Amino acid sequence: MKGIADTEIATLEMAKSIGLSTEEFNHVCRKLERKPNYAELGIFSAMFSEHCSYKSSRRFFKRFPTTGPRVLQGPGENAGVLSIGEGWAVAFKMESHNHPSFIEPYQGAATGVGGILRDVFTMGARPIASMNALSFGAFDVEKARFIVRGVVKGIGDYGNCVGVPTVGGQTFFHSCYNRNPLVNAFTLGVLREDKIFLGAASGIGNILVYTGSKTGRDGVHGATMASKEFSTDKEPDRPTVQVGDPFTEKLLLEATLEAMNLGLIVGIQDMGAAGLTSSSFEMAYRANNGLEVELDKVPMRESGMSAYELLLSESQERMLLVTEPSRWDALKAVFEKWDLHAEIIGKVVEGSRVKMTFHGEQVVDVPVDLVTDPPMAERPKQTPGDIKQRWFIDRNRIILAPLDQKFNAVFEDVSFADPSRLVEQYDSMVGNRTEGGTFDDGAVVRVRDCTTKTLKLVMSADCNPRVCWLSPREGGRRAVAESAINVAVRGAEPIGITDCLNFGSPENPEVMWQFEEAIEGISEACEALKIPVVSGNVSFYNETDGKPIYPTPMIGMVGLMEGEDRLMQSAFFNTQLEVGVIGPLEGGLGGSVLAHNWFKRDCGKPDDTDMSAVERTVKFCQRLRKKRFQVALHDISDGGLVSALMEMNFRAKFKETGIEITVPQQTDVDQFLFGETCPRLLVAYDPTERTEIETLANGAGVKFHPIGQTTDRSRLTILQGGAKILDLDAVTLKNKWKEKWTALFE
Amino acid sequence: MKAAVITFPGSNCDDDLVYALSKVGGFEIAKLWHKDETDLSSFDLVGLPGGFSYGDYLRCGAIAALSPIMQKVKEFANKGGYVIGMCNGFQMLCELGLLPGALAKNESLSFVCRDVSMKVTSVKTPWSTDLKEGETISLPIAHGDGRYIISEDEYQQMLNQGQIVLQYIAENGKESPNGSVHAIAGVCNREKNVFGLMPHPERATDMRSKDGLKIWTSVVKAIGEKSA
Amino acid sequence: MKTRVTIFYKDSVFDPQGNTLANSLRRVGFVKVKGVRVGKVIDVEMDAANKEEARRDLQKMCEQLLANPVIESFKYEVIEG
Amino acid sequence: MKTRVTIFYKDSVFDPQGNTLANSLRRVGFVKVKGVRVGKVIDVEMDAANKEEARRDLQKMCEQLLANPVIESFKYEVIEG
């Protein structure tokens, strides 16, 4: 609100107009033993927002398994940290930038990448790989073009410029995201185990230093906005869009890592959501100290800014750090080398209050924990009344239809497409760490920084929103299972996850039900695989006019492998391979792509993932790699076996590759070809190796059935009882698959 | 042999270049900062790395071309020293005037990163003796502004002088991935001691393709011959 | 008819490119530079019946395609009839 | 002092952005559009003693940094003293 002085005593009306509830306002007044002034009110409004406070979600996080022998830092810091051996560790996290990307796709996505990079390098890690998981509305080229292009270009321009390769991700189209696209960005960095930096303002008498870009009025109240739903009839109050400056980010990255290396930093945190407010209060909170801040010292880009604006600005590429006074000159010199300005804006003091002055007046004086421990919200939950209807699937209408129609229903799905035109806009190789075969299942990045042993990281981001809507618990479970398998098919051991939980409004009891179920599913799956959740993010209020998105608990999985051997890839590597299924021959149609496109709605009850089978499958893949078999491996997920086969075929280097498979006896054709039960894999190998693979499968306790072979006839042929039930030209199919997304970018 | 790799604000392939050179072997590598005004005459090779110097703001490589160290690079090159610029480094060399032509926005208007095939047009340069004329090699590209522009007359002249080192091979019906005149991927100056190219030979020494190595072994040989 | 559209970020929106350029200009000796804003200029050649019509079209083009109203502001003019 | 520099590709250089914009404009109905060229506009705010000095500085800035003579041409003007 313009024209209100920082020191004006706040009223309930003011509080409500910036998003605080009556109870929250009263809580503040009671604890403060007075009414806050306007600047203080801004702090509470931002920090009590869903986005910053996690007030609806925090109590559920207890469910997550967060410990394990590799965990060096679990949830609660800017990023989670896992040990990878040899004294090295990885820090990673995923974060959403959904609302900003809807308002301005390019800048919204770009600043999302900037934010997650800062979260990782503030831990002391050099970012070496990013992924992004994107969910867009129905594929209507004219409407989708603006947003898809903007988002992709925003991610590319930012990540490319900073020089962190984008090596993976997920792209999904569905009408539930028509007005709420999701942009989830993941970054992983490497660091030494004993050089982890935390966001704590430790050491009484230490100085508080501001560096990076100057503060403008951009994004004042961004956090509150991310905690509201959109409505179509009313233009929301839009804060000034934040513009990303990847060049300054790169300077900040280098300067920060250099300063850390020289031992010049005690604690550090980026100014993300709720800017200076959240960074200062959180740093004070983590160290159990107080802070004194002189707001006049904050470098400003615009004139006439108020304390309120300085506190709530979300200008990008800014850092807050704490150091010893004796290090100041050296620290300043490092930042100046990188053309960055650093300024002392305050100091660490005893006690538990943050006090701030502006123009000689005290404008803020509040207890730290009053800001960082906001009242939690108890949200009611309720199972959707129509869940049974959602589970109904009219099998007869599928069974009786001709196979080619069913095939088309799956083939034509827009999410089944060659991602090249999109991913080629990302520099996937900068840093010289990326192995070939990126963008095919898990991405492989070499930890070149470790010279004593060859360590490779494999990453994958996964979530199947259709399954999540039909059964959020299975959705959560399957997101973990699928990402684990994506990592395993490259031969790695899954070691930990980060999550990005995208949901509708927590005030909707059905959304809260989805949320709790999804967390349960994720937790079950992690327990079964013995892997921890080390970081994450929640994005609520992804809904427009009361219509929530499908629950989308995105999982970022990290796997580890050692040694210098041949990589397992998913492409057929010659035309005389045998192909087999690992896992059950049939999969369920509930929540499948076939059901979606056939009935024009998502339906059916997704099969529960057998987590012990997932664990065995992961082991099987690792053994395959250890035995140095040359195989192509690919998981069966969206679109079933047929889609997986085509992908293996289309990714093959040689044009004429074809495939011929036979539906095994007593097997339901639809469930064989289009079922999506997890875990199922395809494996292709030289026929002479069949018995050994069989032995390995038996030993690992996974099922294995040969179903066909690759050919040099460039046809996709499916036989049943000796008769061809489908026989299509693979080159035509491949060209269509390649061209599907082209129009989005022209 | 001594190699200097210069870091500009926003360079992000400087470490990749250091890695590649260490892979090639035999180099003592110094990382220099763009504000250094070190005399370069003790070096055998100077590398201008890829990346986004100054965020690629205004024009790629334009602001970096005004960095203090660039006068030293010019002196070094004018005395016959070997200078290579990859991607952003190539853009800087054109902006500096050490190489002819200029690099403009890709015709597709998109950034493009992938492995591409190119043909070796001239082996009569210190950078390409280990390659075979007409041979096809694969190197990664990753750029948004790689459309090389030069007049037809200059092109002919450069071709005759053996200055056109690499040219993209048509793929998917497109003559080049960026719209370069005559699909040019890399060029030398008239004296051949300065080489600029959009592809990344420093990203092709081990994992993806090893074709980049030959560029480095070529110049190592040239350095050896020069000092012999 | 020759027309020209100029588009800049709105004044309230940070212009990183202009900022970096201003710093660079000062560094290479143009110390009197106080600030720089970088925008786009789009020259549109069209067959309009008259200036009025041209302006009407330009307004629509800017709104629909040329400018992004969330962060940019635009101006247009007919340069030559 | 407010000054403005405009920079375009030379006519001999293909302008893909202008080309794409012209096609898009025609596609969405502005059929009278004959051609589009896209350039950069750089507004430089400076403390020059007078217009003469400003112009001298602008000329130097363009030559040294703002434009690349191989592919671009530039113009500058003092907008407001």
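Chains: A, B, C and D, in written order; residue numbering restarts at 1 for each.
The rule is short, and it goes like this: contacts are C-beta pairs under 8 Å (C-beta built on N, C-alpha and C of every residue); 3 or more make two chains touch, one makes a residue touch a chain.
The structure displayed is predicted, hence computed values, not measured ones.
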Where chain B and chain D are represented by their mean Cα positions, the distance between them in whole Å: 29
Centre distance in Å when chain C and chain D are each reduced to the mean of their C-alpha atoms: 10
Centre distance in Å when chain A and chain B are each reduced to the mean of their C-alpha atoms: 36
Where chain A touches two or more other chains at once, by residue number: 245, 247-248, 339
Chain B, residues touching no fewer than two other chains: 54-55, 57-58, 63, 66
Overlap residues in chain C, where contacts from two or more other chains coincide: 16, 20-21, 24, 28, 38
Graph class of chain-chain contacts, one of line, ring, star, complete, other: other
Chain-to-chain touches, reported pairwise for every pair that qualifies: A-B, A-C, B-C, B-D, C-D
Contacting residues of chain C [partner chain A, same complex]: 9-10, 12-16, 19-20, 23, 68, 70-71
Residues of chain A that touch chain B when the two form their complex: 153, 156-157, 160-163, 245-248, 250-251, 337-339, 420, 424-432, 434-436, 446, 448, 745
Parts of chain D lying in touch with chain C, wherever the complex brings them together: 6, 8, 18, 21, 24-25, 28, 30, 32-48, 57, 60-61, 64-65
Residue numbers on chain B that touch chain C, as the complex places them: 54-55, 57-58, 63, 66
Chain C-facing residues of chain A, complex: 103-104, 107, 213, 216-218, 238, 240-245, 247-248, 301-302, 315, 339
